[in-house]
Structures are given as C-alpha cells and as structure tokens.
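Heads up, the next two complexes both have chain A, just with different partners, chain B and then chain C.
Up next is the complex of A and B:
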C-alpha cells in the first residue's frame, strides 16, 4: 500500500495537504512517503526502465552500471563526511585528476608498488591542507575548496607539463587490476566501492568519531561546548575525503592505464548531486553512507536506463536536474508542512 | 580618525592596492624575464586587457548582486553557452532570412530573452520552493547544460556574420566594444545597487532575511529580479563573446561560475550576503586578468595561472578574516 500513492515526488505533495487536516496517522504516512520519496522514485524508475527494455535488469547490465558508478561513488563516500560536518569540498574533481596523473607518472618512474603509496601520501597532504584551512583556520569551506580546485588543477598541469600521461608498458604490469580485474567474477572496482562503503558506513554510524561528525555538523557551537574538538573533526573529514579521492584516482588510472589532466573535471558537482539526491542536507548534520550509495546508484541507473531506451547521454543532465529539485523540495515541504515556501 | 577606519580603508581599497602591486611587480619582473621587449604597461596591452576581461567581468558583476542578496548562481556557465547557441543559430533561421543585417538585433534580443527566462526560472524555483539557491542552481547547471547538448548534439554551433564581427572588434573613442559593455554594465548595476530601492532592499535581504521579511520587504520578487538580471548578464556576456568568435562548443562556459565567484570574492564581497561592492568586483576582474597576462608576460606557463589564482583566493580569505577578527571577539570554537 505504501508504494501506491506516493509514486512520484511531485504528486505526493498534493494529497499531503489534505492528510494534514484528517489526522495524525495519515500525516505520518505522508511524512514517511516524503522522507522515503527518493527510494520510491528509484524503485519506480527501475520498474519503468525494465518495462521499456528488459535488458535493464539483466545481471551483467546491473554489474556494468555499478562498475561505472564506482569511481564517482568512492569519491562521494568521502565527501559525505565533509558534507555531514557542515562543509563542502569542491576540490575533489581536480584532486582526482592529480592523483591519477601522479600515480601514472610514478608508475613508470619507481614502479607500481612504490607509486601507489607515494600518490596516496601526496593526495592526503592536499586533503590535510584543505582540512587545516577549513578546520583550524576556520575559513569558508566553499571558497577554500574553490581555490584549491583551481590550485590543484594548476599543480596537475605543472606536474604533467600539460601532456596526457600513459603507462609505457601496458601489457607487462599488474597495475590494471584495480580498474579492470575481477575476483570471483565480480569486478574489482565494485569490490573496492562496497568494501569502502561498508567500512566508512561503520565508522560514521558506529564509532565515536562518526557521532562527533554529526554533532559538529548539526550544531558546531554546541559540539564545542560539549568538549568536541571541532577543528580536529573537520580536519579528519577532509582527510577522509582525500583518502577516497586517492582511491578513486587509483581506480581511474588503473582502468585506462592512461589519463588526461582534466579527467576529474566537473565530478565535484556530480558528487554533490549524488549526495543531495541521497537526502543529506548541505547545512550539515544529516545524511548517511547508505543514502549516498543510493544517490550514486540512482544517478548511475538513470544514466544507463536513458541510454538503453535510446536517448542520448545528455538527456540525463536534464532528468537529474528535475529529480534533484523535486527531491530536495519534497524533503523541505515535508519538514515545513506545506508545499510552497512562506517567502512573500 | 575613528577606530576601525584604517581597517575599513584597507579592506575597501585592498583590491586596488593589489592591482597596483601586480602592475609594479610585472613591470619590474618583465624587465628581466620577459622575452618581448615591449613594456608590460603598454597602452595597447592595457586596452586588450579590458577587452579580454569583459565576458567574465559582466558575469562577475551580476554574481555580485546575487551574492549581496545572499544567494549564489552556479548555472551562469551553462546559461552563457545556451544563449550563445541561440544567438548564433537564430541568425540562420529561415524566418529571418529577409532581414539582412537587421537579423543581428533580433538575434541579440532572442539571446538576451533566453538568458532572462533561464534566470527567471532559477529565481522562481528559489522563491517558491524555498530550496537553497546553491542546490537549485547546481541542478540547473546540469539541466541547462543538458539543454545545450540537446540543441545541437555534440556538434559546435557556428555562424559567422562579418558585420557583427566588425562591430565586436571595433573601437569607439579608443575602447573596444566589449570594454564598453563592461563599463556600461558596471555603471548601471552600481546605480541599481546604490541609488535605488531595489538595491537597498537587496542588501537588506542578504544581511538578514528574517528582518527584511518583518520589515515588509517582499523577499521573493527581489530575489527573482536579481536572478533575471544575472541571466540577462550571462546572455549579454555570450553576446559580447560570440559576436566575435562565431562558434559555440557545447562545453563552453564550464567553470565560468567558478571564475566569476573568484573575482567577486577577490573584490571582498561576502558569501553570506548583505555586503559587497560592484566596483570592487570590477577591480577583482581586472586583477585576475592582469595576473593572467602578467604571468604570461614574464614567461610562466598558463598552468601557473590556476595555481596562483587559487592560492591568492585562499590568502585573501585568510587576510580578510584576520582584518575582521578585531572587535568581534569571536567565540573560540
């Protein structure tokens, strides 16, 4: 029954206003539908696309979608921490380009075994710099990471001299395993994504650190007065973000064994779109790893579904736009109890 | 001298001081490092600088009023590209075939109208749904980009009209056409923000939205008007830029919003709204363009520009906070 009336985000809002008048239980149902609206919309999308093209739910297609979302997904996991702590990270896109370029360059110079830890160290240093500026110096995260977006892009171009980076001997290296390999028939990128999601989900939901992240994002002043070191928490959120970015860069580099300087350009905003779709608030204090994974998968499946029914890739941009606005609108409307904002 | 005057002066004049510093630095460094024997402070070079900064500058001026209003617009790059496509494509529409060169003002009007509509759509969503402008325009950044692609696939849209190109490259009273557009836009919006009721209300809304509502200011329409203005300006920027270049790539205008925001922040406008200055943004635009040209002049690669601008942005934020910290006695959190 729960699925039936709330099938589309836009439509649930209509009946909702009547429910308010009639009683508490219906309102609770409405609120539940509004909260879970994105999940319901997701299910309906899947049903719709399956009816349109029966290959949509074929195991290999699903596997393909998750695999191609894995890089975006891994980045989104880290940014989720930053967003819950009440900040933004716009530098992840160019940071990912940086780590892909660096690991490919070092691969030929010092071999993959040393290149990977070296790249992780360099990317973590960038994340630490972000964390220092936002956490300890308390600068505005939007502008700091905007500056870092530009600065890291410049750093990448300086490092590579503007050239594409390629591995010289593509046959004789095991480096491709992170992007192309399979274990027990499951592609390694999916395994990395799932493993990281499980670990970070546990960290966020079950550890004191995770609770501190929520506290800092929910009310920074209250968190400080209750003895949480806000600066340190924010610092580690950015470190977490750069750790995930380094992993994503490794997957990207390993998938194609070569990279452009701009491979991650624009991903920072797609990552945010996925997190918003999952239902996290950009004001901080809410969101979970599970929701972010759902947001990433929604983006991936919409993209894939639209391609399967024969539409061009760019149609997904327009669909994503509509879905983001509706999802957030619905969430806000449920909280304030009326559809339109009270602004005159 | 009243307390605080010095820091206020430092903040207000900082961007101009920075520009002077840049000029001195690049002139001196250019003497030793530059490969060309022309001076950096060459008059033609400076004219070119204003011309080149016009497209971003026009958008940045618009971004200033959006940010003073307490909002942000991430969709300007996509609006820019879409209006560029409308401008160039409409010139080859069969219904305008009989117009001759009169098609130019028609195409301009269509492009500007498109910009106003796209801006109005953003503004309406922000107003009516109450969703934060960051999210709304993040969404429409994707959506409008999708429309750009849907218009002509992945093909570039091209149309060269030589009358138009001549106009765009012309110089009136020594200044290039794009420069005039930038100056007129700066003057008009300065007047709007400092001498009209709309401007005063926009400041009030950005400073404290609750208080503005309680004071009887209609917050929604003001925000929507500001979004229409920035849509119009993004379109105007496209008109200025594509009249000369004559070809739109569907990926054009990416990262435009970020450059515009950088210029605005360099000019000292706060993200939180309620304060800011059109003229300082103009300074920010000039400072960025000066940096680009200057680094090129002393032989640094284009890639260094991104690095330097990013670091300067962070440094400005840091200095601004240090200047502000006195007197506020902020809670140490």
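Up next is the complex of A and C:
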C-alpha cells in the first residue's frame, strides 16, 4: 500500500534506496526481477512458442488472439477500477453468464432493441448491489462478491430453468454484429475493447473520479480525511465493473447467438490474473487501464501458445492458476522487499 | 561510583529512518545495582533506544555490550535470553489465562507425559505474589484484574526471569500511591541483588527519590549523565529542553478579529463532556492534555469524523451541522491530522496529487482534471512552505517527515479554510522543521486564520498559543492566556492534581 509499483509518472529511486548503503545493488536487482519478472517470463514464452510453432507470430494468429481476448479484456477493464480502489470483484464471471442469458431470452421476447438496454439495467443493478454492500455497508469485498458469484449463478439458472438459451431465428437478426461483425476489416469485438479501453483509460487517468479511485485504494483513511466520500467512489467502481460485464455479456451472446448458463464460469480468475499480470497491486492504489490491456494480451498469447504447441485446451486452466500464483508471489516479493527496507 | 563493570553498555548507537536521524551517537551504561533514569522529551529518542536494546530495531552504527561482552540483539527473544527484561507501558498479557500461566508462559513446570504441574505452578507463583504484597492470587484470570494489577503481573513475570537489567517504561503511569510504594520496594529488591535498572519517567519527584544517575536525550542525541544526588531539576530541564527553553512562551500576538468558531456545550459519549470555547480570527488556541484527555476527539467532531452527543457548533455566528469531512471542508474547517502517514497522505501518490486531493472536483477543465492548475497550486505552496522536493512528481512516501507534514499543511492552506485545526503538528519531525512549522502557525494566525493546535509537547503549546485550554479526562479544566500560563500550573491542570482548585479558579475567572 505504501508503495505502488511504478505506475504513476515520475517514480524514481527515492532517498530510501539511496540510504541503504549495504547490499543495495543486490537488492535493486532483486526488485527489478520481481517487478519485471512477468515480462521476462513472457518474452521467454514467446521465443519458445515461436521456435515450437512458426504460426505463433503469424498476423492472423495475432489477430485471432486479440479477438478471442476481447471479451475477457472488456471485463478486466471494469474490474481494474475495483482493484485499484482496493477491493475485489469475483462475481464478474457469473454476472457475465447472467447478462448473456438474459439478453438472449429478451431478444426473442421483446426484440434486440429493447433487450439490450433492459439487460444493461439488470446487470447494473447487480453491480450497484455489490457496490452498496462493499461501499456503504463496508463489508469485505472478497466475501460479498464470492457470495454474489454463487447467488447470481443461482439467479441465472432460475431465470433460464437450467436450459441453454438460443435465438430462434439466427438468420433474421442484426444482433450478431457485436460478436461477429467487422468494420473496415477489423472485428467489432476488438473495436469495442479498444474503444472502451480508451474511454475508461481516460476516465481513470484524467478525471477527478479516477484520481479519487487511486486515493481511496492507496489510503482510504487519508482519502476520507481529505473529504472524499469513499463509499460513493467504491460504489461507482462496482457500477463500472458491471457496466463492462454487461458489455462483455452482449459480445458473448452476440458471438454465438446462444449461450450456456455457465459461459462466464471461471472468468473472474482469468480477469484477476490479467490485472495482476499487468502489474496492479491487489492492495489497491496502483495499476492502469493500459497495464491491464497488456496483462490481458499476455494471458491471451500464453494460452494461445499452449494450444499451438499441442497441449490440450484444459491445460490452460492449470496454467492460468500457475500464472496467478506466480504474479501474486512476485507482487508480494516486491512489496515485502520494500516494506522491510522501510522498517529496518 | 562503583568499580564493577556495567551490566549493559551502549556505545555510539546510531539509528536512522528515512529522513530522520532518530538516534545520533547515543552512549549509555547501567551498573549493577543502580537505578539509572533515562529522560528526554517526547520524540527525544527514548523509545527508539529501548527498541534497539530490545532487539526490535537494528542500529545502523554502534555496539551493545552485556557484561562487557559485545552482543547483537537481532530479535526480542535474543534480548530476553541475554537477560534484558522490559516492563512496558502497554501490557502484553493473555487476558483469558490465569496469573500463574501468564507469569510462566512458555516455561510451565511439567510432570510426566508433558502434563502441566499445576500444584508447583501455583505454589511458585503465590510465593512471588507474596513478595509483591498484591491482593490477588495465582489462579485469578488476568482479564479480571485492574490495569495496575496487570502491571504487577508483568513485574512478577520479570522477577522470575534471570534478569541482568530490567527496564521500566513509565511504570507508575497507572499506579495508585500505595501501589507505587510496592513498586519502589520491588526495585530496591532488584538492585540489592545486583540487577541494573533503567527507569524511564517524566515525573521529577520519582526520579529524585528513586534513581542514582540520570541520562538525558534530546533530539536523538546523548546530552549527558548526571549524578542524581549532585543535580537539581533546573539542570535536568536545561539538558532536556536545551535551546528551546527560551522559546517557552508565545510573545507574538496577532490582531484578533471576529469569532470564527464557537463551540457550546459539546459532548461526545465518554470521550469529552460539556466543552465550550471560541476561536477568533488571528488567534491560536492550544489544547493541552494527556493522551486520552479528549483533545483529538474534539478535533474529529469538528471535522465531521465523530458525531457529538450534545452541543452546538457555530461558524461565523451561524449554527452548522457537520456529518462528514466533506461537510466540514465545505464549511471552511480543515484538519491536519495527528498521524500524517495513515491519515494525512496517500504515501504512494505524488506530491501534487496529494496536495490537491480535497479540491480535485473543483480543479477541472470540462470533465478532466486541470493538471496545469494543479501544478500551479503545488508550486505556490512549495515556495510558500519551502517544501524540499525535486519535483511535484516525487512520491510523497520518499520525502522526509518535515516535508511530508508541509505537504499536508499545504493541502489544507490551499483550501483557504476559516478554521485550521492542527493535531500534533510536529510529531516525529526534526528540530529544524519543527521551528519552521511553529513559525508557520504563527504566520497563519497573522494572516487571519483561526487556528487550533493540539499537542502533547508542552514547549510547542506554550510557544505557539495565544490561549491554552487544559484538558483532563474529557473535561476542560482551565483556560490560560499566554501571560498567565507557566509550566507548573499547566502540568497541574492536565494531571488532575489540582483539579478542584483549578476549577474553582476557573469559575472565579469566568
């Protein structure tokens, strides 16, 4: 919390480092490795995959990776706000399933033009509920959103009766544009991801709200002492998260014009993995949208590379877990090094 | 002095923290059988020194000797193993366990199969308790004891260990007179057995009664050792306060304007009761009292962090309701909080962003933060407060304590408040920055701010305040003007010694 990894401009090695005369260089190397370890590992991965399969760096493969990462990426953009504010959102996976099921069902009932805003409203209500519990009632975000993960799953199954949801007339709807369309040859999911990243990146970096998100996550007490209404900031972070989830649900539903109840299952962990890979701290106060995008792409390329070298799809669940552990460990190692130097 | 070698000796101990030299070449020794007082103001380095001895901090330079053998106290356990025992101000007992279990924790006498030998345990404990002449027995649950009795348990625990040196940190703070007598007997017992005792206290009376020698620290430096029998209170004070002695009283009065803040009958649960005062523009009002006297809680109420249970707050003669810091800020009240690291600053953020945080909603161009305006504000207050930082981009956590505090002050000055409350403005800050901040507070008054200063450091309160409100246990005991206040009458007022007399005097004065 004291020291975020260098995401704010102008981070230099401060007096603290300079004061430690003994073992400084060794410590600095350690910190560098801890901070850049993921990037180094990523480069090694790329080299290995390219040697193993020359299709890995082909343009169509790269485009394919970005496209298939877009849904995860959109979700990660919203969760980045929550993580920087010092909280977690584990409910995004099942919330995305909910969005996809609801919008597909309403598509046939009231038409896509009404189904989309209705689905957004319902998903935002779930996000607002998260935000109310964590922000205003000050409940632990891990407990709240873990509970919501389960509760929303139950809600989705109740809504669908446990059945897969499909659009009846797949030929006669424009609904597929969000998942399948292209504009100027670029797939729409990539455009949505890029546009949303640009907008939310600006919100986070350039607006008063973004500044308050960093302050609340960096030191919530000091933020309160500065007149910031912490609960409100946290509330809007969850709202932002659910807005992104609704968008991702729309993209998911549109891509296949049908959905299972469990389409988003496990995505909450991949989202967190991507954010941590980008270098945000789970302690809050650090991270950027740009870094999250990088994290999403690293995760996408690693998973793609594993497929290309011939590993089974299911292996990536294990690999994702390994990546999360590695990233969290590096985050803690970097932090611990700094904490120790502050005390001793 | 004795021929015997010291049981504990420190040589040129240096301990630095980022931006602070907490101990600057401190040497100090304790002879067997002596009581050696360690004195110094708050922040002089006493507790840092104790943490070095106790193995909690590692010194950057210097050596520690036990029985003239060089030792390294890498952990608290090592310190304990070398025969150094601490009696802390803050107790560290397991409340759910019995007195006996607490005393012998980790070394319970055993029977076969690892079973605890309760009979022996209770017998041994009662023997020690008998020596201490206390009114409870070995089986009593510690949680049921008064704080004073819990302290006696700590002392009993120390007695069971083969101590070479015992360090008492403000041991009489919560003891009654009768309990003090017992404590002094215990100390006499220890010294008779050749144990060296370090005695940390602010109470002169006890120092003269109990100790053989007195060592004084000031601003992390060792100022000298006096033989108790050959010195007097003045000499000690001189060493402790040093050059700040001539700063004792505020002689810079600003021109007083209208009443900016008026508080009538404000109460908040058991924290404070029936507090009434006013602060004029151009005036500095100091709040002085012991920790727990309710000063910080009053500040928190004025800043919307704590709801009062009764009373009214008037700003410029108008009654206001303050439910949150945002409300307080909107009404022109600012608070420089007690703990700048946890309450005042987002340490991982840069200087500029910290400074403009309270007004970030107003510093906008369209939907965006107007970064140019932010930098302009930062530059203005960097120059005015002489904040030393290479750039606004510097992460606040990397600045020295004094510069961090100036960032917090700048943050609130840039809001142009009517009332500025500063809680412990110079805690943990080096001497140079201290006097800068004191001058700044006077300057602010001269510019028409109404300022409230809360401090536990008497020289500070005396130096900056036009009026001083003495608090004791949540009550205002007396209000002094800077002409009538002396160290003596202020100490009496806040320690409750002369409570009734002072209240009578205050009633007469009213």
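Some observations on this one:
Everything that follows uses one rule, which is that the second predicted complex is superposed on the first by the 273 of 344 C-alpha atoms of A that agree within 3 Å, B and C clash if a C-alpha of one lies under 4 Å from a C-alpha of the other, contacts with A are read in each partner's own complex, and residues count from 1 in each chain.
One rule holds for everything that comes next: contacts are C-beta pairs under 8 Å (C-beta built on N, C-alpha and C of every residue); 3 or more make two chains touch, one makes a residue touch a chain.
As the structure is a computational prediction, the values presented were derived from the model and not from experiment.
Looking at the shared chain after the overlay, A:285 reaches chain C, while chain B stays out of its contact range.
In the superposition on chain A, no contact is made by A:54 with either chain B or chain C.
Ranked by how many residues of chain A each touches, chain B and chain C are led by B.
Contacts of A:228 after superposition on the shared chain: chain C is touched, whereas chain B is not. Applying the stated contact rule after C-alpha superposition, one finds that A:164 touches neither chain B nor chain C.
Looking at the shared chain after the overlay, A:214 reaches chain C, while chain B stays out of its contact range.
By the touch criterion stated above, A:144 is placed in contact with chain B alone, chain C being left untouched. Chain A residues in contact with chain B (one complex) as well as with chain C (other complex) are 221, 224, 342, 344. Within the complex formed with chain B, the chain A residues making contact are 133, 137-140, 142-144, 146-155, 157-158, 162, 220-221, 224, 230, 265-266, 269, 272-273, 276, 282, 312, 314-322, 324-325, 328-329, 332-333, 336, 340-344. Per the touch definition, chain A reaches chain C in the complex via residues 1-4, 8-12, 14-16, 19, 202, 206-208, 211-212, 214-215, 218-219, 221-229, 285-286, 342, 344. Across the complex, chain C meets chain A through its residues 16, 18-19, 57-58, 303, 305, 324-326, 328-329, 335, 337, 342-350, 353, 357-358, 360-361, 363-364, 367-369, 391, 393-395, 397-398, 400, 411. In the complex of the two chains, the chain B residues touching chain A come out as 74, 125, 127-132, 134-136, 138-147, 149-150, 153, 213, 218-220, 254-255, 258, 261-262, 265, 271, 301-314, 317-318, 321, 331, 333.
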